[in-house]
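The structures come next, written out as structure tokens.
Both complexes below contain chain A, partnered by chain B and then by chain C.
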Partner chain A sequence: MDLMTRIIVAGVFACGLTGYASAQETINIGVVQPQAGECAQWGVPITRGVQIWAEEFNANGGIADATGKKHQIKVTTYDNNCYTAGDELTAFRRAILDDKVNFILQTFTPASRQAVAQIATENKVLTTSYGAGYLNAKYPFLIGSVTGSPGSYMFLVSHLLETRPDIKKVAIVTADHSFGQAALAYYKAGITPYAKRVEIVYSQPYDPASTSDMLGLATPIFASSPDLIVELGFTPGQQALFIEAMEQLGYKGLYGSEGWTMGLVTERIPAAQLAGRVFSAYVVDASEPSFSPRVSKFYKSYVEKYGQKEWSVLASVAYAAMTTVEAGIQKAAAPTGDAVRQALFTTDTVDQPLFGKSHWGGAEMYGANNWLLTPLPVYVTDDKGGVKVDAVVDVAKWWNANKDAALPVLAQGGQVSANK
Partner chain B sequence: MMGALHRDIATIIIVGLALVVGGLVGTPYILGVLIIFGMVSILVLSYRTITTMGGWSFAHVAIMGIGGYSVAIFSKAPFEVPVLVAVALGGVFAALFAAILSWPVLRTRQYYFFLSTFAAGEALRQCFIQIKEITGGTAGIAFIARPGILPDPSSAFQFLWLVAVILVLLGLFYAALDASDTGKKIKAVGEDEALSSSLGIDAWALRALGFILGSFGAGIAGGLFASYNGIMSPSDINAMLMFKIVAACVIGGTARFSGPLLGLLFLTLIEEIFRFVPEFVPMIWGALVIAAIILSQRAGGGLKLRKVINA
Partner chain C sequence: MQIVLNCLSLTSFYLCFALGLALVFGVMRIINFAHGEFFMIGAYVTYFCVATLAPQIGGPSAWLVGAIVAAAVTGLLGAVLYRAVVVPLADKPLAIFISTLALSYVLQTIVVQIFGPVGLSISPPLRGVVSVGGAILPASRVMVIVAAAALSTGLWIYLMRTEPGRRIRAVAQNPRGALLQGIKTRNVGNLTLIIGSGIAGICGASMGPISQISPYMGGPALWKAFIIIIVGGIGNVWGAVAAAAIFGVLDTLMSQFGGGRFLALTSAAIMLFVLSVKPSGLFGEKE
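So, the complex of A and B:
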């Protein structure tokens, strides 16, 4: 083959590839998360979780829709300036109006979800989160694709109180911002069924700026003599500082949160000292190998790519949230936000790739069953700084049993948007 | 040769026209960028007015919040005031707040003025968080309406028109102030307060006037922001926006109206060019401000390049 023929063949092949690629209809997915500053401690692992999820499919030719047609996935990241509602909306405008994304993963922060509800719905961009936060029947393109936050706070604290009857006093440590406010309401709702035997001894929200004086923040909490401290709002680094401060003060009780970056914690406190005392429940923790072989494989990919020290449970949370979108794409005739939404809501359950059959719920809270109630594994730390499964909470069952007690507390905390 | 007033008027009209023309030919996304550019332009022009009295306030974005919350609160039940009236009210409330604030903070100078306005802004932001019954606390107030005066309130292009008109009107007002005797006295106080006072000028009153009139513009911009975004929350009152306003003034200079607007245009372009690597934008902005400070011949004078353009 002479040079000219080679060039022509290569050109035709390249054109063919280009044509094939465009015929594939690339699925554009936006991830709106903090990419800079302190909040990037949350945003970067979440973004990586989505990227690895996409890479898994792309390496095998793409994700197939219901017709069997495969699509490559392109992930684009957008900064929201540490969950600022206005910046969340600016990021959505970029993603939807300019980059034509089909799906977006965003925070569960209620203010941020409210800010984008209209633009997501008007443009039929399926917008999901690792939890619910805010949903509304008027905005059907806003969904919560796993139990996640802030619901998990309610289920976590309730599970601990149910299984550890020696807990009599609980301190709730939450930041004074939109998602801290949500967490406070959900923690209180989770405690309500046990109100006769459990006392909330501390629940004063803190100003995020005050975390520079961690000992000052920890001292009144320690003085309230809790048996269990549940927190939400610390960055991973601050969590480690908080535990260190509490341990220095002599605290011997339990800790609960959506997740702990144990690599940072055990740099300060020996893992053995915290074994059996630090609990988490967000969505799934991929570093624990027994719950799901698929997320365990994801964990290995993550560590291989970014290193063990970079591991954060938030990556697996984002990965899990995307697997619900994945289930929708595979059931839809085309990978559009509208078609995938319809495919997901064909029945009142979804065969969730990681959690199995899960029910749509949330009507009592949000006026719409747009929140997928996936079973919630609760993790506890071991003496090596790793985690093991303490229990798996059947959240749909818990909700049916306790919603009458929990709903008024959630409403008081401004978390019920049904009929609004 | 065009005088300073004429150049300022021309600048404002050109920016207003450019916004509308850009909105006509641009994509829906560009339209959104232009709307935000227009609203931040109101913020930088009003901020420039404050700088003429010799102080660089760090409360401008918090004062903008007064305008935002005014629209959020008064446009909803039980008040249900028309949104544009609420925007105007926001400007008035912001000016009133500035009048009250000017009593303590305008007794300070230089770093102390900067620090006292920073503290006042933070205190105001905390009020927005703590007065939950009125402001919605940390979650803020969502689903704020667009002005009903627009034929199609959901139309972004019509909102851009509104922003452009308000920007031009406010700009003309600030230009007239700048060229007036009062404006010249404010600048004289800003440049040498002791000398101005020795000539019988009431320095404190003139500084307060600059601060109040500048804050009025911030309140108007805040109201427009709340209406356009449909939400007002304390997190929207953030240091990054304050930094952007200050950086626009530092990079472009504050001598004439074109300075802060060009500075803002430059920062917006950087933001858009580097939008796919957003983690680098704050670093680039920071580097630009440092470079501008090093390159500027004197504080508030702007870059040499700007002086050439402006000559």
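So, the complex of A and C:
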């Protein structure tokens, strides 16, 4: 082969490589979560959930769009300093303007979502969360890709009241911060349809700093004699201490929250004592094997990689949220924020990879029909400290039946932005 | 009755943590920002000891070993801090403050790398509850009350009845005068930092079973301890005891009667008020 032929062959080969690289266009996904500090115990498992979701595709050559082209997924993390709205915006600027991400997974915390709505929309970066939190018709690139927070609080408490008519008194224990206030409003909204037979006996928000003295926090709650306590705002370890304090005071009722780290709880209280009394519902709990083989496999990957002690239900919540984005990418002609958004909203429902057919939740809450109501598995603890599915709530059906009662309560709690 | 027991319990929490900080601040007039991380390391050392030794020697014994090792490790850290930071930066309190702040981040990061960022839990060495007049007090909280009482009493005896204690008091009252009397102030400073840091370690061991342990647990505890020693009188150990009791009662009553969300606000407001009307603190002496 003479020199000229070699140059031509090398040039053709190089062009081929370039074309291959183009077909393998990488999808950049940003995860904006606390990576250090106290809140990292939430942010790190969430980040890992997204990373494992991406690794599953990357190991098989990438995720295919509607044209059949496969794309590798690159996940980049950004710290938001414990869900602080200002830091959320700073992280978004870096992700969008410097790193050119196509999609971002962020918190549902309303203040944080509101802070980034404009920059995400202006740059057509599809920004999702494990819930809704804040959505607005002006910002179509903000979506809630699973039922998640804070809606799940409403559906959890209503499910318990619906299926357990002996519950007459409910205590709501929430922290005095943005997502604690959202949880308080959603818990109250979930109780409202049953207001004739159910009384809210405690709903004082607490200062997160006061959780160092769990007995002091638990004493007035116990004194209000609830049949059901629903909480939001404790860290996993604090949840265990709270249950321990309530049990020591003699409480015999039920507990509900978005999730419980039962390993920490059962270090303090025998699992048999709590069997059938501790309920959770967030999005999906991958540690429960029967709901979905795919999330069960994800759970095994997580535990294999990080260890059982590092497991948090939040990992599966983030994983599930990304599967809605995945459904959009697979229906879109190109993996851009704009194309994926359009693909997701072509019909009133989404064939969600984990939950099946799921309805967009309507515009009554936020003035934007951007919240996907995925069916919600409610879990209850068993006598070994594990969880089993108590029921799968058809949240779209519940919402259609009860939204007239729930909406005014949510509006009073500052959670309705449809007319703003 | 439950409220009274809760007051007692919370007072012991505050006292346990503020004691070591008040001692170091009072004698050496330096702000050890890493004190919270010494507390955290005490809890993690205890966690490690309980996790590894409890199956062989039982929970209570493993916890006791953990508490001793925690005191030794944090005492050693105090000695290293003295040699590496306090001595070279003597007479530069701002530099010491910044250095200990940096040290606190270093220690946090080391613990995150070893144990991970997710909070852990120490199995309570003592289970069950003590009933008093219809109210309850968990056994693990009784343990903290005993630890706080023992530390306070022990420290009092040490300071008031022993020769090294007298030297520490002399340096706290007048460092230059103590030096002129032949007291080796450097040795006293070293000893004080070892004792103060060791107390933080024991406090971490005692508080660990009744609170979540995490690499970041030192920060909030340090904030409250600063408020207590400022309100009690900067450098006055007995003022810290009194202020711990004041905040123990106040915070318990506020949580009980629906003011729980204003705890941080109230504590900060009280500190500001005391600083503005009596800068030396409620029980402090004018310098």
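Basically, the second predicted complex is superposed on the first by the 396 of 420 C-alpha atoms of A that agree within 3 Å, B and C clash if a C-alpha of one lies under 4 Å from a C-alpha of the other, contacts with A are read in each partner's own complex, and residues count from 1 in each chain.
Everything that follows uses one rule, which is that a contact is a pair of C-beta atoms (placed from the backbone, for glycine too) under 8 Å apart; a residue touches a chain by one contact, two chains touch by 3 or more.
Computed from a predicted structure; not experimentally measured.
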| item | value |
| --- | --- |
| Fit or clash between chain C and chain B when superposed on chain A | clash |
| Which of chain B and chain C A:176 touches, first, second, both or neither | both |
| Contacts of A:264 with chain B and chain C, given as first, second, both or neither | second |
| Contacts of A:160 with chain B and chain C, given as first, second, both or neither | neither |
| Which of chain B and chain C A:115 touches, first, second, both or neither | first |
| First (chain B), second (chain C), both or neither touched by A:36 | both |
| Touched partner set for A:378, first chain B, second chain C, both or neither | neither |
| First, second, both or neither for A:217, with chain B first and chain C second | second |
| Partner chain(s) touched by A:237 [first = chain B, second = chain C, both, neither] | second |
| Partner chain in contact with A:246 - chain B first, chain C second, else both or neither | neither |
| From 44-52, 98-106, 116-124 or 206-214, the chain C stretch with C-alpha clashes against chain B | 98-106 |
| Common interface positions of chain A, toward chain B and toward chain C | 36-37, 40, 176, 207 |
| Chain A-facing residues of chain B, complex | 27-29, 32, 36, 126, 129, 137-140, 142-143, 225, 229-231, 233-236, 238, 240, 275-276, 278-282 |
| Touching residues on chain A, where the partner in the complex is chain C | 36-38, 40-41, 44-45, 176, 204-207, 209-210, 212-217, 219-220, 235-238, 240-241, 244-245, 248-250, 264, 267-268, 309-310, 312 |
| Residues of chain C that touch chain A when the two form their complex | 2-3, 6, 9-10, 13, 112, 116-121, 123-124, 129, 136, 138, 141, 210-214, 216, 219-221, 223-224, 251-252, 255-258, 260-265 |
| Residues on chain A engaged by chain B in the complex (per definition of touch) | 35-37, 40, 76-79, 81-87, 89-90, 93-94, 97-98, 110-111, 114-115, 118, 176-178, 180-181, 207, 414 |
